[in-house]
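Each of the next two complexes has subunit A plus one more chain, namely subunit B in the first and subunit C in the second.
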Partner chain A sequence: MIIEYLKVFITGGIICSIGQILIDKTKLTPARILVIFVTLGVIFTAIGVYKPLVDYGKAGATVPISGFGYALANGVIEEVKDKGFIGIFTGGVKATSAGIAAAIAFGYLAALFAKPKIK
Partner chain B sequence: MENDKIKMTVKEYSEYVESKSAKSPIIKNIFLAFISGGLICVIGQIITNLCINYGIESKDAIIISTISLIFLGAFLTAVNLYSKIGKYAGAGSVVPITGFSNSIVAPAIEYKSEGFVLGLGANMFKIAGPVLVYGILTSVIVGFVYWLMLLVR
Partner chain C sequence: MKIGKQTLKLESTPKILETSAAVGPKESDGPLGIYFDIKCSDVFYGEKTFEKAESKYMKAAIDNLLYKLNLQNDNIDYIFAGDLLNQCIASGYCIRDLNIPFFGLYGACSTFVESIILSSLFINAGYGTKVIASASSHFCSAERQFRMPLEHGNQKPPTAQSTVTGCGAALLVPHTFEKKVPVVTYVTPGKIVDMGIKDMNNMGAAMAPAAFDTIITHLKDTERKPEYYDAIITGDLGVEGTDILIDLCKDYGVDISKVHRDCGKEIYDLTKRDMNAGGSGCACMASVFSGYFYQELKEKRLNRVLIVATGALMSPISIGQGESIPSIAHAAAIENEV
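Up next, the complex of A and B:
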């Protein structure tokens, strides 16, 4: 149990550290970091590099936004296997639908009740 | 009158930012990002394991964990705590899914005063929009390539 959490901690820590190095060394904005990580997550999953990371680090690899890319790529590959051509368009969003809907719903509610910061 | 203080050219501003950011020690930043990012992932794993203990399928457990973290990120942003954590955590608070959630709520709050459609609604996806655009676009390309590979086989 402890070993499992340690693996999660280290994997997640390393992925976030890579993001920090990019921010410090390249002046990439957080928005670009998120886009790069999600895109690389999709590509690395497609070429079979990300899966071993998920097997080892579990939430350490799925909680970072690259894990969102992992879910997108896995979803689209599974769906193309099952349904063929239309799977190209249904697989990715289907696999991540819960996250997207939750982000919209909770995001909207949070914004509704929060007070804007006075600058 | 108050505006005099912030009258800076773009060049002056970037020099100002550089002078401030040059002081931030990279090793310390990486260390803090590692710890905070790692901890958020551990919270995700704890929620996943709790769900599995209650007999929920592991695939669904991961979804519940993701939704919970999105809620947490939105909530902490709404009560103005997430940006405070972010000051120390850096990428450790940006890269996890809670940061994705934060990127939706923060601009939504900021632009709320401009109305519910073009203010709140339009700005929610100011940062998350590009993430979805490039993520989904790449997944469609991957799907297409995979479909072609299945055809050739």
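Up next, the complex of A and C:
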């Protein structure tokens, strides 16, 4: 089990380090980096590169924002198999709906009980 | 009287009778902490929003200024003030309660010196006997205005400067006032300079050419040498902007490196984490001048200073549309009478 945790930690760590390097060394804004990560997640899933990463790193690959792209792309692929063309539009949001709804709900709850702080 | 290209000589040398500075927790902990009048450890200042807090910082600075001189609101003729928020709401909502005629200014981080220039011109012309110049900024409201709301929990790029939380205010009076205090002798309003820099996280580099333009013009117009001044003080060029300014001046044949100081570099301990680029914002010059440099002048450790506040006149919208950063620098010479 320790080995599995280690794999997850290393996979997630590498993905996040790439983000940190982009923030430190390039002029990309954090918002752009976020969009790049989601889009790359989609592209890598579509060409079959992300799946092996998820098999190896589990949550280390699905929890970072690129994992959201992975979920989007997988959802579309599944839904297209099931429902055809319309699945391109419905699949992504369906597959990620739990995450999106949870973000809204917990975001709202956090806003009720927490105040932003200076960095 | 206009002299040279764009400098104004104030024949009646208005006096800066008193100043007042209110700052937030990070500024209080900085190397200049002991010089500020009001130090509030709460960024909310007991308010519900950061915008209201910023208004309250300004209110605290102005109230304290009046308290120090034992004056009431209705003794004040006019107030010139500004901040970084849309429609200058920090100043507007603060001055709503003061019942003083108000001119709202936007000069980005150059606002404080712009306020000083206009106030001293008003006094010089005899349009008033007590005029307040003020400017405020707040780290948290500025993040919302120019980057992302803090609630968003965004990562901050390490090169970005940190907006100063606080406010500075100064009271200008005619020369006939008895007290021996520093006077404003020359003012040089700046031109907009744009060298095509588009990086919002590198404002020091965008603003340095504007500071260079105004400083050189001021020195030419007044036929002074940089050594005439004990200090040429810029607002928030930061570490990188300062290097660029000094290099630009050197290439032009003027060496200001011995007298140059930058409020953004002095307000925080730059060796601390996330502080490496220094401070910025209207309150950077406003609070450091009102708190620190004014006292240095009063106690004669400095006798002749040129304050040069630089401002970047862009908005997140213009940057999003691919525009570069237009910059401006205003200068005012403040001196002790011999």
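Criterion: the second predicted complex is superposed on the first by the 114 of 119 C-alpha atoms of A that agree within 3 Å, B and C clash if a C-alpha of one lies under 4 Å from a C-alpha of the other, contacts with A are read in each partner's own complex, and residues count from 1 in each chain.
In this section, a residue touches a chain if its C-beta (ideal position, glycine included) is under 8 Å from a C-beta of that chain, and two chains touch if they have at least 3 such contacts.
Predicted, not measured: the structure shown is a model, and the values here were computed from it.
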item	value
Touched partner set for A:D24, first subunit B, second subunit C, both or neither	both
Of subunit B and subunit C, the chain that contacts the larger number of subunit A residues	B
Contacts of A:F89 with subunit B and subunit C, given as first, second, both or neither	first
Touching partner for A:Y56 - first (subunit B), second (subunit C), both, neither	neither
Subunit C-contacting residues of subunit A that also contact subunit B	23-24, 30-31, 111, 115-117
Complex interface listing, subunit C residues touching subunit A	24-26, 43-44, 139-140, 148-151, 154-158, 165, 199, 201, 274
Contacting residues of subunit B [partner subunit A, same complex]	21, 24, 26, 29-30, 32-42, 44-46, 48, 62-63, 65-67, 69-71, 74-75, 77-80, 90-92, 94-97, 99-101, 103-105, 108-110, 112-113, 120, 124, 127-128, 130-132, 134-136, 138-140, 142-147, 150
Subunit A - residues contacting subunit C, complex	23-24, 27, 29-31, 111, 115-119
Residue numbers on subunit A that touch subunit B, as the complex places them	4-5, 8-25, 30-31, 33-35, 37-39, 41-43, 45-46, 57-60, 62-69, 72-73, 75-77, 79-81, 84-85, 87-89, 91-93, 96, 98-100, 102-104, 106-117
